[in-house]
Each structure stands twice: as structure tokens, then as C-alpha cells.
Amino acid sequence: MKDLFQLAIQGVKQKGKLTILMIVNLVIGITLLLTMSTMVKLGGNSVLTNKAAQMHHFSLNYMDSDFEIRNQFRYPPLTFQDAQALKNADLEYKHLSFNYDTRFILESELDNARPMIATASASDIDYFSVFIVPFIYGAPWLDTQSDSDVIVIDKKVNDHFFSGENSVGQFIKVDKQSLKIVGVMDLSQHNRRISNMRFSNRYNDLAIVPMATAERMNLPRAGYMPCQTKEETQRGEYRQHNISALKSAECGYLHTWIEFDQQNHQQQLAAATLWARNYTQQQANLGRFPHEEKYKLNDLQLLLNEFAQFMRWEKVYLQFSYLLFAICLVNTVGILLAKYQSKNKLVSLYRALGASRWYIVKIHLIEISLIAFAAIIAGVLFAHLGLELMFQVSMYQMDYSADPSLVKLFFSMDYGFAFTSGAFIYAAILIAGLYPVYRISGISPASQLRG
Amino acid sequence: MSLKHILKLILKQKSISILIVFQVAITLMIVSNSAFISYATLQNWLIPSNLEEKQILNVVTHVYDEQVDKGQLIERDLAAIRALPEVVSATYSGEENVIDTRRSSNVVYSDNLDENAKDHSIALFGVDQQGVGSLMLNISSGRNFYANEFVTGDAETTPASVALISDDLANTLFEEGSPLGQTVYLNGSKTPYQVVGTFEDKMLGESATYDQVWYHGMVIPEAIYGRNNELNYIIRVAPNTSEKILETLETLFYQESGRIVSRVEFSARAKKRLWDGRSSFAFVMFAISAVALLITSLGIIALVTFSVKMRHKNLGILRALGASKSMVLKSLIVENSLLALVGLVLGFFLSLWLNMALLQTLGVQGTPDIIVGILVTLFVWLLTCFAAYLPARKATLIAPAQVTKAS
Amino acid sequence: MLSMQNISKIYRTELIETHALVDVNFEVNEGDFIAVTGPSGSGKTTFLNLTGLLEPFDKGQYFLDGQDVSKLNDSQLSKIRNEKIGFIFQGFNLISELNLYDNIEVPLIFRGLPSHERKQRIENALEMVGLASRGKHFPAQLSGGQQQRVAIARALAGQPRFLLADEPTGNLDTHMARQVMDLLQEINQQGTTLLMVTHDNELAQRAHRNIQILDGQLTDINKSQLTDLAV
């Protein structure tokens, strides 16, 4: 084995310029490919991937019959009436969480920091379990506090108002009203804001307020809130002011996430779907739910996959990368053929001296492997640079208005992915090398040795 | 060497020839589209805005305390702003900010009776007495507003009755005729305003630029607040004012409680945002093009090297028969150029295809430009010649002496 | 016509110096038919390369038609090779992708002759070697002897000062070899100077003058000494 290695390394060193050409060629192609493919892969990542199949967005479609559902993300949130019905339904599940997208001004009690505009959610305790929200201080509010003046803030808010100290028990003003902080969460690893079905990668929740409290304070409904045509004109009212009327309107504003147990997932999903069918049918008899598609329980995995479709620009870049890498491989074949052209005599001599054809093949496969290995390592290193460049371009594109630590999540090297990709690239290079190796191993002994 | 011989060689080395042709074609496809997009982006950047980007600032603030009297707050704000040494003038801004549409796009009609009248996208500015000065507008015909034509107040206020429009908008609406005295109708409610003057064209609107009507603008003497929580200003500062003014203004605004500052920025920043998406795409395509050019160059070096090696003996024969080194070099370059030419022709069609595909899937407009196309094609062709030159030079070193060795 | 004086050629590697030719003096007159013999490794090939301007020499002088070739650059040397020397190789060295007509045309194109003149010369040359009707054929379609005859035609078409042949019959069977020998002899009888390196006894016998190269030294020999040749 050692002798094989020695011979292989000799082969690498010989015709040094061609070897360097081959490595440079491969490194360029690999760097581009790794950079773009990592970006696309990260775009589909989520901390919720493990349970994405069991988490469903529960939608009951009260919209007009001619309302066009443009894509999987536009299935409407529940109306208040339907949310109540669902809450009271006798269904089995692990968690059920309602939320609505809101926005308010955070101010410090002590007036020692500037106010902050907060994108936030009005939700329930289940929110924290469903979305796997880690806490650095405190915990979610208790069941008994569901209507109390309490709030959970994010680390960024905590840093801004309390310099990162434990602020549990202290107060913060939300639209001028004081709420008590019960916990500080850290959403920095949550690369997308999923709870409101927007999947935004620019911001995440800065605070969570209990639903009842939010209603009492009339925190505005800032998210997707479609109404049936007859109520369209009232929508502005419902957003900002008239919460009581909203509760009886055919306007959905409560995004609903239901998580089933892993073991009984299928049965629980079936039961929930059945309930949705029966309920909407029954309501249809009362004149509601005119739409053909009356309910939809999309799971998060499907939504994440769907969202990947929207990464059109990155997909285009990736396709170019594949194309250019293919050209690299073809050029690799050319370089190997050129290299081996000069080796005919040497190989012929080896064969005359007793080396079998398989031995020759082994030497050359090892030689190619060494080169491929070097190129892949270099490619992974340079891909760091590539990702950093793409990160800068991305921040530029968003006019630096997005949260950089959040955006960075989409441009950080994923070593697991790099390893798997590296394996595929290695295989591709070996396959590309098969033809040249086949040719050179076919040199008959002494055929090149005359004169 | 004769052209016929070169062509036969190309056909004999089919695989190498095909590979070179394809690489060149694909590279041209990518590089030319990248060039078109960059050129289009550059053209956008180069549109004369006539805007004093570093002298006009946008301010966006939100009042969240319902108790605050907006009217009085505005007065206090303006007094404080105008007291700053760097500030030349400042106006309350009730409609759009400079290249920053706050709510929705605005349109104007020349006819309020025709249901199907064409709507024209405009940049709309509702300002107070210092508005025209803060926007640094030059009146080109008619007159500026009279002091008594300005209205101010909450959402119930009666609109103003007069307006200033840009020369370009005047041309579009009224063609050769004088716009002075004519009436324009604003938005869905078709609110009428009489044109009393026009101003020199300036790129002022965000959505107006999306619709490619760079200079459509309208100014009305209305300082109306209370339609929403926003309290916006447009400020003119002295030339060469440093960025510190942004911080100064922000601090000034925070001295009033119940209000949060969303944005204080030079209009230059707003203008930059217009082309962010396309610029970013151009950057990335540029990088990908560079990679494509590199790979193809390396590829040609490799393939020509291989080709020369295969023809080692034949090249020796030609040398023996009297071909000089420069003849050998020339014929190799010619051979490569012919292949590159075929590749470029193929690449031309691929470029057009890609251009359409990018437009359809991404909505990216990189209209092919003939001159840019020709320059790019020449560049790629020259690069392939250079790449072939390196191994071709080595080929000239093939000794004629080897022909006498036994075959 | 051709005059070499005190020619020496040394091959140097890192460790070894090989003296391929030492102090060689040699002259050729118009119409000569000279055969050069000698054992393998004696320097025959080097001598051939030097004569044909395929390789440079280290010491001495080489005059061709009164011109000192040692000071010429690559372009000039290539021109002389093209115009004054007609090569005939053991392995024929025809270009496989070109037909016979095109093969013969190659050196004529280098010279820049107009196409009608090229055509005339090629047709004459093919006629002379007895392959007049086969201009469109490819080398792969011909026998060894025929290929060599095409090579001879190629050499002749250029109307060189002398033909330089390297084992012209080395790759041919007896029958074809004899045909080629007859052809070469006839060409020489018509006035073309012929300088040939060969192992073939019979061919050497047909030459007017015999030269032997041994250990880098060149000497004239008698035909009677030819029987000692290594085959």
C-alpha cells in the first residue's frame, strides 16, 4: 500500500504545471458550487425541522368562493368564532397555539433608553413549546396569568433596555401601559418568523404578549387579515380599533398551529381533518364557508419545501454553479488525458516489469484522490469567503435594514452539509477520471518501449 | 498551414473541438447577460436625477402617544429644526418623502369625467411655506405659491386648490399647450387642483421611477397631519454637511416623548434603495462571469495542451518540412480562433435564450445592447486566444529532430 | 554544394557528456549519390539531423550553397529546410488526415507558391513516382511502398537541392524496397543529389560513394567493405 502511495505521489509531482492547473480548475468550480448550494440549503433550514412534519397550520377557509388561493402561504388565519370552536372541539394533540401579528412601541419605565418599535405576537403559552423558544431568564407566564399584564421579551429588547441583565420582575411600557416581564427569550437561532406564515428572514418577534391581554389593550392586528368581500371596507377598523366587532366578523386574524404527538401523528391528524370537514360542512349549511376548499392543514415540512421554491435568485445562481462545475469536470478529463499522454512510456515499462493492469489503475485512482482531496479542502476554505461575500451582497440588497445576526444564519458554513457535498464532489471527480485511467491502464507492456 | 488542413484537424479531433466550442458558448452566454444586466443597472444609476442628494433629507417619525397634539408638535419640531445652523430650510411633509413613498402610490388625471381616462404615476408632495425651497425646486413657468394658498390642519381640513407640477408632467398631460390654469385631478377621489406653475424636472418619486416616469412630480400647498401616526419632514441642509446632522436631528426629535424616530437619512440613501435588487444581482452575476471566464480559460489551456500532445509527431513533421516556429504558433491560434468563433456564434443564441429565461423567471431586465454585446464577444474571443497562446508557444518548441527517430 | 568542416556535437545531461560527432568533415557535390552507413549508436542519426538542419551543432562550420547556416535564426533555417532539402523518412511521416494531393502540397504552401503552380508541381511529382491517378486517396489506403513513394513525391515537388533520406526502405518488404530503390536511383540519374542513411546492403551498393560513421567519426569506405555492415 505504501508503495502505491509513493508511486501516486510521484505521479502528482510529475508534470507539476498540469497538476496545478487541475487543482486550480477544480478549486474554482468547487468553491462556487459549495457557496451557492450551501446558501440554498440554509434557506430551507429551521430549528423546527425535527418536528416539522407534525406541526400543521390549521386553516378554515371562510373566504368567498371566487377567492384565489395564490400559494400555500395564503390560506387564511382563523376567525375568532372558528378559533373558539376549535378550542372547544374534543381533539387529541400535543399543542394548540393561536397567535396574531402585532406591533407596538416599547418604552422603558425609567426613561433611560430610547423607545423601540417592536414586531411582536399576541399568543398563548403553547407558542413557546410549539416554536421551541429557549429562555435565558425566567419562563413563559403561568396559565393563571393568561389575562394579566405580563410580557415575554427577546434578548435584543433586554439588551437595549436592561443592558442584558436579568430583567424578570421588572416592568416595561407597551404603548404606554406597563407590563411585567416574566421571561427573556432568545430567538437568535430562529432564522425565519414562521408563526405568522410570512417566513421572513429579516426580523423575528421581539416580544410575546398573552392573547387576552393583547385584546384588552387592543394591540393592533398588523398581520395578514383577509376578510370576506362584504366586510372588506371594515378591515382598517378591525385592524386598529374595533376588536369586539372583529370577533364576530368574517375576518380571520388568528394564525393557528397544531402539533400532534409523534407516535399517534396519523390518527390525530385524521381526527382533526375529519373535525374540520364536519364543522365546515355544518357551518356551510348556515350560509358560511362558500369556498370549494373549506379547510387546509398544511404541515411545516411542506411549507418549508414550498418556501424553497421562492428562492428563485439563489436557484439561478446554483444552476449556473452546476453548469460551471460540469465544465470543470470535463476539463479535468482533458487535463488528465494530457498528463497521461506523457506517461505512456513509464506505464508501459511498469507493465513490462510485472505490474498488473489493476495495479496501474490503483496508482492512478490514488493520485486522482489526492488531488481531489486537496481541491475539496481548498474549496471548503474558499467557500467561507464566498459565503461572506454573498452575505455582504445580501445585506446591501436589504439596505442594511435587516438584523445582521439573523441574516448571517443563512450564510454560515454548514460543515455537515459541506462534508456530504464533498463526498459527492469526490465521487464525481473519480467518475470523471475513470476514462483517462481506463485508457492509460490499457497500455500494453513494452508497446511504447521500442527504439 | 492551409485553412483546409486546419479544418480537417478540427474535425479529426472531434471531442476536443466540441469541448472548446461548448465552453466558449456557455461562457459567452453567462458573461454577455451579466454585461447586459450590469449595463442596464449602470444606466439606471446614471439617470440624471437633478437631485441634490446630499442636501435634502427625509425624516420619518411615528407618534404613538394618543395624547400628543400633533399640530403643536409639528410647530415645535419645525422651530427646533430650523434653528440648527446647518439647516437652510425645512418643511412638514404630508404626502411622500423624496424617493420614499410612505403609503401608496399617487396618480393624477387630466380629465375627471372620462371613466377610462389614463392615470399618470406621480411623486406627490404636501408641504408648508418652506416646501418648495426645501425641495430646491426651480420654477420654470408660471409662479410659486402665494402665502395665503397654504392650508394646514388635521384630516378634516379642506384641500388646497392649486398645485405646481414638473415640466415633464406638464408635457405628458398637456403636450404643447400651456399647463398654467389647467386643472389636474388627484387620485381616486379626483380632487381638483389648478396648475399655477411648473418646476424644472427632478427625480423625486419612488413609484414614479418604477413606472419609468422619472420626473413626474406634483407639489401641493397642504400641510395635513393626522391621517395616520406619521409625522414626516423634508429638510434642506447646507452643502457638505457631515453625517453628524443625522444624529443631531434624531436626538432633537427624541426630546419630545411619545414619538419614535423611524428614519433620518439623506435622500441619497433612498435613491440607493431603488436599485438595490438589480445591483445585487449584477454583482453576483459579475462574480459568476469571472468564474466562468477563468474556468474556460483554464479549460482551453488544458484542451489545447492535450491536442498538441496528441499531434506531437505531426507538428515535428511540419517543422521538418519547413514550417517556422511562428507558422506553427499562428496556425494553432487560427485553429483555436475558428473553434472559438463557432462557440461564439452558438453562444450568441444561448445568450438570447438566457436573456429571455432570466426575464421570465426572475423579472430581471437586462436588455441586450449591441455595442456591449460586441465588446463582450471580442473580449471573450481575445481571452480564448490568449489562453491558447500559452500551450501553443510550447508547441513551437517541438524539435523537428524527432522525426528522424525510428517510428 | 554542401560543405561541413570540423563539425562536433555533444549531448550534455547533468552527469554525462556524450560526443555524438567529433571533428566531422564532409562535402557533397551536385548529382552525388552518397550512402552513409554505420552501426547503431554511431552517430548516424545525429549526422542526419545536422545535415538536415533539424538540430544545431556545437562546433565547426556548415556551408550550404555557399551560405553559413550556423548564424541563421529559426525562420531562416525553416526556409532553407523548406526550399533546399527534401526529406524522406523511414516511417514515411505522411499526415494521416490529408489526402495524397494535400500531403504533397504542405511544404509548397509554406513556401507561398500560387495555387496553379502548386497544382502543376504536385501532378508532376505524382506522375514521377507512378501514383498519378491516386491524388484523392488517403495514406491509410496505400501500401507501405506506395506511402514511401508519396513521401518521395512530396520531397521532389519542392525541387530541393538534395534529397535527404533516413532508412527509406527500412519499413518495407523486399519487393517494395526494390521498387523504391529503383525509383531513387532513377531520380538521382536524372540529376537530383541524394544523401541517404541506410542499413540496406543492396541500397548502399547502388550508391556512387559510401561513407561510414563510427564512434562519431566519419570516413569514406570501399564498397567491398560493405559486407561487414551490421544489419
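We just call them A, B and C in the order they show up, numbering each chain from 1.
Operating definition for what follows: a residue touches a chain if its C-beta (ideal position, glycine included) is under 8 Å from a C-beta of that chain, and two chains touch if they have at least 3 such contacts.
According to UniProt, the chain labels map to these proteins: C = ABC transporter ATP-binding protein.
These figures come from a predicted structure and were not determined experimentally.
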**Q.** Chain contact topology (line, ring, star, complete or other)
**A.** line
Q | Inter-chain pair with the most contacting C-beta pairs | A | A-B
Q. Between chain B and chain C, what is the gap in Å from one C-alpha centre to the other?
A. 70
Q | CA centroid of chain A to CA centroid of chain B, Å | A | 30
Q.
Using Cα averages as centroids, what's the distance between chain A and chain C in whole Å?
A. 75
(Q) I need the residues of chain B touching at least two other chains; which ones are they? (A) 405-406
Q. For chain C, which residues are in contact with chain B within the complex?
A. 45, 48-49, 52, 54-55, 74-75, 78-83, 87, 89-91, 93, 95, 97-98, 102, 105-107, 109-111, 154, 166-167, 170-171
Q: Over in the complex, which chain B residues touch chain A? Could you list them?
A: 16, 19, 22-23, 26, 30, 62, 64-65, 254, 257, 260, 262, 269, 272-273, 276-277, 279-281, 283-284, 287-288, 291-292, 294-296, 298-299, 301-303, 305-306, 309-310, 358, 361-362, 405-406
Q: In the complex, go through chain B and note every residue touching chain C.
A: 1-2, 4-5, 8-9, 12, 313-314, 317-327, 399-401, 403-407
(Q) Which stretch or stretches of chain A touch chain B in the complex? (A) 18, 21-22, 24-25, 28-29, 32, 104-105, 111, 114-117, 175-176, 312-313, 316-317, 320-321, 323-324, 327-328, 330-331, 334-335, 337-338, 341-342, 389-390, 393-394, 396-399, 450-451
